[in-house]
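Structures follow.
Across the two complexes that follow, chain A remains constant while its partner is chain B and subsequently chain C.
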Partner chain A sequence: MTKAAACHNGLPSAYLQKLNRQKRAPYGFLGIFFLLSMVPFICRNDYYVHVMIAIFYTVIYTSTYRFILRTGQFHFGAHAFIGIGAYASVLLVTRAGWSFWAAMPAAGIIAAVCALIVGFPILRLKGIYFAIITWGLGDTLRFVYMRFKNPFGGALGIFSIPGPNPITIPGVGVIDFSQKSHYYILALALMMLTLYVLYRLERSRIGLVFGAIREGDQLARAIGINIMNYKVLAFAVCSGLAAMGGSFYAHYTYYISPQDFTVLLTIYLAIYTVVGGQDSYFGAIVGTVVLSLAGEIFAGYSHYQLIMYSTFMIVVLLFLPQGLVSFPRYIARLFVGNSANEVKGKGNESALT
Partner chain B sequence: MSQLSLKGVSKYFGGLAAIQNLDFEVKEGEIRGLIGPNGAGKTTVFNVITGELSPNAGEILYAGRLLNGLKTHQVAKLGIVRTYQLVTLFSGYSALENILVGFHSESRFSLLDLILGGRRSRATDIAQLDKAMEILAFMGLSAFADAQAENLPHGLQRKLGVAIALAARAKVLLLDEPLTGMNPSEAQDMIETIRQIRKEYGTTIILVEHNLQAVMELCEKITVINFGQKIAEGEPGQIKRDEKVIEAYIGKNAHAT
Partner chain C sequence: MELHELVQNVVNAISIGSIYALLALGLTLLFSIMDILFFAHGAMYMLGAYATYYFCTKFGWNYFVAIPLVILLIGTFGTLIEKGLFRPIRNDHVAIIFLGIALNWFLESAGFIVFGLRPKPVASAFPGKLQFLGSTISWERAVVVIIGMIAVFSLYFFLMRSRLGLGLRAFAEDPEAAELQGISNDHVCSLGFFIGCGLAALAGLLVAPIFIITPAMGSHAVLISLLVIGLGGLGSIPGALLSAFIIGSIESFGTAYLGANITWGLIFIFVVVFLTIRPTGILGVERE
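Coming up: the complex of A and B.
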C-alpha cells in the first residue's frame, strides 16, 4: 500500500483516478436506484409506470446484447436466451411449484449453461456465419415451443402465469405485486444489478482484457490471452442476465407465447444499440430509452408511427454515426469548430456492425 | 542444457520451403541472434515456435516439453512471448494499461470477486499498478504512463512492446527486428535495455535483426539462415569471417573478385 501511496503524488494519475471512480461506483448505482425507485410514488399514472417497466427490462436485454456485440460477435439470437429464461422460469413455477424467487435466478443459470454449451463450438464463427447460426438457434427453439404443447403450451403459449410470490421486506412491509409499483421496483433492481455487472465487466481488470482483444487479437494471443474463454464467458454471463430479464417479463405480463421471442426482438435490440451508440456503455441505455419513448409518442399517430420511427432512426444514423451518445460532442463541434477527424475515425465502424 | 530447441523443423508454403530441416538450441539466459538475408525464414521460425504456424515436420522442445500443436496463447502461458516486426500495441490504451493487460494471467480472479469489486479485487488492482509502474520505470517509460500508446514516438512504442512481453512474464523473449526504424541513439538505448532485461530478469532472448552491427555487439552466439536452412552458427567473431555467410549476404562473385 505504501508504494501505491507514492503513486498518488507520482504519475499514473489518470489510472488511479479510474480506480477510485470504480471504488465509488457502487454508491452511484445505489443512488440512482433510490432516485428512480421514487418515481411510481410521485407519478401514480399506471400507464407511465408501465412504460418505465418495459424500458427497464428492455435495457437489460439491450445492454447485455451490446456487450456480446462488443466481443466481436455479430449476435442474432438474443431472443433464444431471453425465451429460455422466460419458459424455464414459468415451467419451474407452474410445473415444479418453485417460488418465483428461486425460479428467476435458476432460469438465468439454465440460460447461461445453455450459452456455455453452444458457445464453445459456435463462437469460433465470425460475422454473418455466427449471425445465421444464432438466429437459427432462436428460431429452432421457437418451433420447439410451438410443436410441443405439453410443457410449452404450443403456438398459443402459456396463460395465467402467476406473478412473483409476496415477500416481506423488513421496514417496508409486504410486497405482494398487486400494484404496478411493486413490479417497477423489481424491474429497476434487476436492471441496476445487470448494469452493475456489465459495468464491472467493462471497466475492471477483466474489461481491460476484453478491450485488449478488440484492440489487437494477435498481440492478445501472443501474450497468452485465451480469447475463446473470454468470449464464452461474456456470452454466458450476458445470456444469463438477459434470461433473468425474460423471466421477469413472463411473470409481469402473465402470458408468454412463441411469438414473443422471434428474431424481431433481437433486431430491435440491435437497432437500439446502434442508434444509441455501441462504443459507449451508455449507448444501449440511451438508445433503448429514446426509441422506446419515441415508439410510445408516435403511437398516437398510428398510420404514421412506423414512418416517423424509421425516419428518426435514419436521421440519427446519418448525422450521428456514433449514435445518440455522441450528440453532446456533435453540438460542441458545431460551436467550437472542427475536431471532425475524431468522429470520422470511428464512425464507419459503429455504423456497420 | 538447452532451454529451447528446434529439431529438424520444416515449414512449407505450397512447394516453397520457408524453413527446411532446421536445428538449433538456445541455452537459458542466452542472447541469441538469428540473422539472414530477406526472406530467409527468420520470422517463420518465430511463427512456428509460438504456434502461429504449425510446422510440417520436426519437433520444438521447451524445457523438455513438446510445443508442437499448442496454440499461441498456450505457448505464451509457458513463457515464450514474442514481439512483432511492425509495432503491435493496444494502441487505444495508455502505456500503463498496455502493461496491465500483460498481467492478465496473474490475476487468478474469482469472477464473483471481480464483479462485486470487493476489497480483495481492489488490493490486486493496486498491487498490479505498482508492478506495472516498476516495469515502466525499468524500461524508462515512467513519464509516459498515461500517454496513449499510439501517440508515443516510434522508439518508445517499440520499448513498450517489449515491456508488455515482460509483464506477460516472458522467460524466452522473441524479438522480431526490435531496432527497425530507430535512429542510432534510440538503437543504442534499446541494445542497453535488452542487456538489462537479461541481467535483471534472466530472460532468454532470441533476436531477429537486420542491424548486423547491433547483433554482433549484443549476442553471444549467432545463427545464420538462408533459404530456410542453417548455414552457420557461432560466436560473432566466427560469423563475421564465415565464407558461407559472406556469400549469402554479398554473393559469390563479389567475394571472388
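Coming up: the complex of A and C.
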C-alpha cells in the first residue's frame, strides 16, 4: 500500500470517532501507567529494571523525534536539545542549588525556548539543509561544552551528579531514589506524560494540520494555515519534552559528557523510528522496545549491535516500508489475501494482489 | 605575522581544501544527478583507504598499480549496492537517505570487526618535502592537490564534453524526458554510483598515506563533506569546490591562531549562520 493512502483517513466521521476516543484516552494512559508501575515490585532483578528505564527515556527521545519528522522536517539535531536539557538541569542543581523537581521542568522550558529562538529562522529550510543545520547546531554545542571548562566541565564532562531530591508521597511514604524502582516510576511517569502530550497533539486538530503540512505545505498555506507557527510549536514542544528526558538521563546516570550527545544519538533515534514505522504513533515505541531488547543481546559489543541495527533498518526499508508496526498487516495479507486491508478501510488496494 | 607563516597557512589551506573537495565531489555529483544524498559515501572512502592498505602494505604492490584497481573495485561495489538496495526504493527520497545512513553504519561496524580496532599505516609513495617561499609542504600533500585538480577537470570534461556525460546531465534535468529520448535510467544510476563511489575511493587512496586509517574515518568524512556541500549549495560542483577551500582556509588559519577545538566550533557556527541567511548555499539554486 502506498504512503498516501495511509494518511487520507481524515473523514468527518473518522474524525468524530477519534474525538470520542480522545475523551477516554486519559484513563487508558493512567491504566497503562499503573500496570507498568507494578513491574519492578514483581521482578526484583535490577538489570531488567535498568533495561526498562533505558527503554523509557529512549521512548521519550524517539517519539518526540518522530513527531518532528512527521511535520516534514528532516531533523538531525535531537542530540542538541537533549544535551541542553541535561546540561541545564545539572547546572541548575549543582551550581544554582535548585531542587531537581524544579530543575527538570526548567530544563525543558529552557530547551523549548532555545528551540523557539532557533526555530523561526531554521524551520524555513527544508530537506537536507535542515538536516545539515540542525546537526551543525548540535555539534556546535558539543564544541561549546568541550571548550568551556568552567560551567560545562570540558571534554571530561560533569561527575557525581546528585540524584533527584527525596520526596514524600502521602500514603506511600518517602521516595529517596536509593533503589532502581524509584527511578523506574519517575521514568515511567515522564514517558507517559510525554506520550500523552504527543497523543493529544497528534489526535487533535493540530495533528491534522501537521499531516496537511507534511503532505503539501504550499497547499496547507493556501487554505490559510500559518505553517511556520505550527512547525515552530511542534519543534519547541518536542524539544522541551526530549530535554526533560535528557535531564532525567543525567540524574539517573550521575555522569554526562559531551560524548553522550553526539550525532550518533540522533542516528540511533532515526533507526528506532524508521524500524518501528514513521507513520504510526506506536511506531517509535515499537521500534525502540524491539531494538533496545534485541540490542541487549549484544550489550557490550557495540559494533555487533550497530550491525544488527543497520541490518534491521535495511531490511525494514526494503521490505516493510511502514515499519514493524505494519508487520501483522503484512502477515495477514500473506495469508488472507487483501481482505485484511479492506476491513481497516485504508482505501481501495484490491489492485495490489 | 611573518610572510613565511602566511604562505605556510595558505599552503595548508589549499592542501586541506583539496582533500575536502575530493571528499565532497562524489557526494555532490550523486546529489546533482540523482537528487539523493548517499550517506554511505564515507564508508566507500573508508573502504578505499583500506583497499590501499591491503594492496600497498600487505601485498607490497606499487602505489600507481593500486590506484586504478582500487577505483574499479570500489566503483563496482557501489554499482552492486545501487542495483541491489537502492533501485527498489529509488523514488522514495527519505527512505533513500535512511538507507544510506544504515549502510554507512553497517559498513563501519563491519569494518571494525573485519579490519580490527588498531589504526593501519600506509607507507608514503612520495617521501620528501618541498620548499616554497620559506614554507614547507610534503610531497604527498602536493600530490593530493595535483591529482585532485586532475580529477576535478577530467570530471568536468566528462560531464560537459562526452556523450555519457550528456546523458547524465539530461537525466539530472528531467529523468522522464531523458528516458523518452532513450536514456536508460538504470544505466544512468549505475554509472552515477560507479563514478561517485570511485571518487570516494580516490579520496581514500590519496588520503591513506597522510591520515591514519581507522574504520571510523568514514562517518567523520561524510559529516565534513555534508558541511562542504551544504555550504557550497547542494548539487553544485563549483560551489562544493569553493566551499571546500573556504572551510580549508578557516581550519588552517583557525588552528594556527586559535586552536583546533574552537576552530571546528567556528566552522559549524559559520555554516549554520550562513545557511540560515542564505538557505541555498553559496552557489546553489532553488530546487522544486
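Here is the rule we use: the second predicted complex is superposed on the first by the 308 of 353 C-alpha atoms of A that agree within 3 Å, B and C clash if a C-alpha of one lies under 4 Å from a C-alpha of the other, contacts with A are read in each partner's own complex, and residues count from 1 in each chain.
One rule holds for everything that comes next: contacts are C-beta pairs under 8 Å (C-beta built on N, C-alpha and C of every residue); 3 or more make two chains touch, one makes a residue touch a chain.
All figures in this text were calculated on a predicted structure; none of them were measured in a lab.
Applying the stated contact rule after C-alpha superposition, one finds that A:271 touches chain C and leaves chain B untouched. When both complexes are overlaid on chain A, the residue A:306 reaches chain C alone and has no touch with chain B.
Once the two complexes are laid over each other on the shared chain, residue contacts for A:31 go to neither chain B nor chain C.
Look at A:136: by the touch rule set out above, it reaches chain C but stays clear of chain B.
When the shared chain is aligned, no partner comes close enough to touch A:162: not chain B, not chain C.
Against chain A, in their complex, chain B makes its touches with residues 50, 71-74, 76-77, 81-82, 84, 88-94, 96-97, 100-102, 104-105, 107, 109, 111, 114-117, 121-122, 124-126, 128-130, 132-133, 142-143, 145-146, 164-165, 167-168. Listing the residues of chain A that touch chain B in their complex gives 1, 3-4, 7, 10-16, 19, 22-23, 25-26, 197, 200-201, 204-206, 208-209, 211-212, 215-216, 218-227, 233, 237. Listing the residues of chain A that touch chain C in their complex gives 74, 121-122, 124-125, 127-129, 131-133, 135-137, 139-140, 143-144, 146-147, 263, 267, 270-271, 274, 302-307, 309-311, 313-314, 317-318, 321.
Of all residues in chain C, only 37, 85, 88-89, 92-95, 97-99, 101-103, 105-106, 108-110, 112-113, 223, 226-227, 230, 234, 261-262, 264-265, 268-269, 271-272, 275-276, 279-281 touch chain A in the complex they form.
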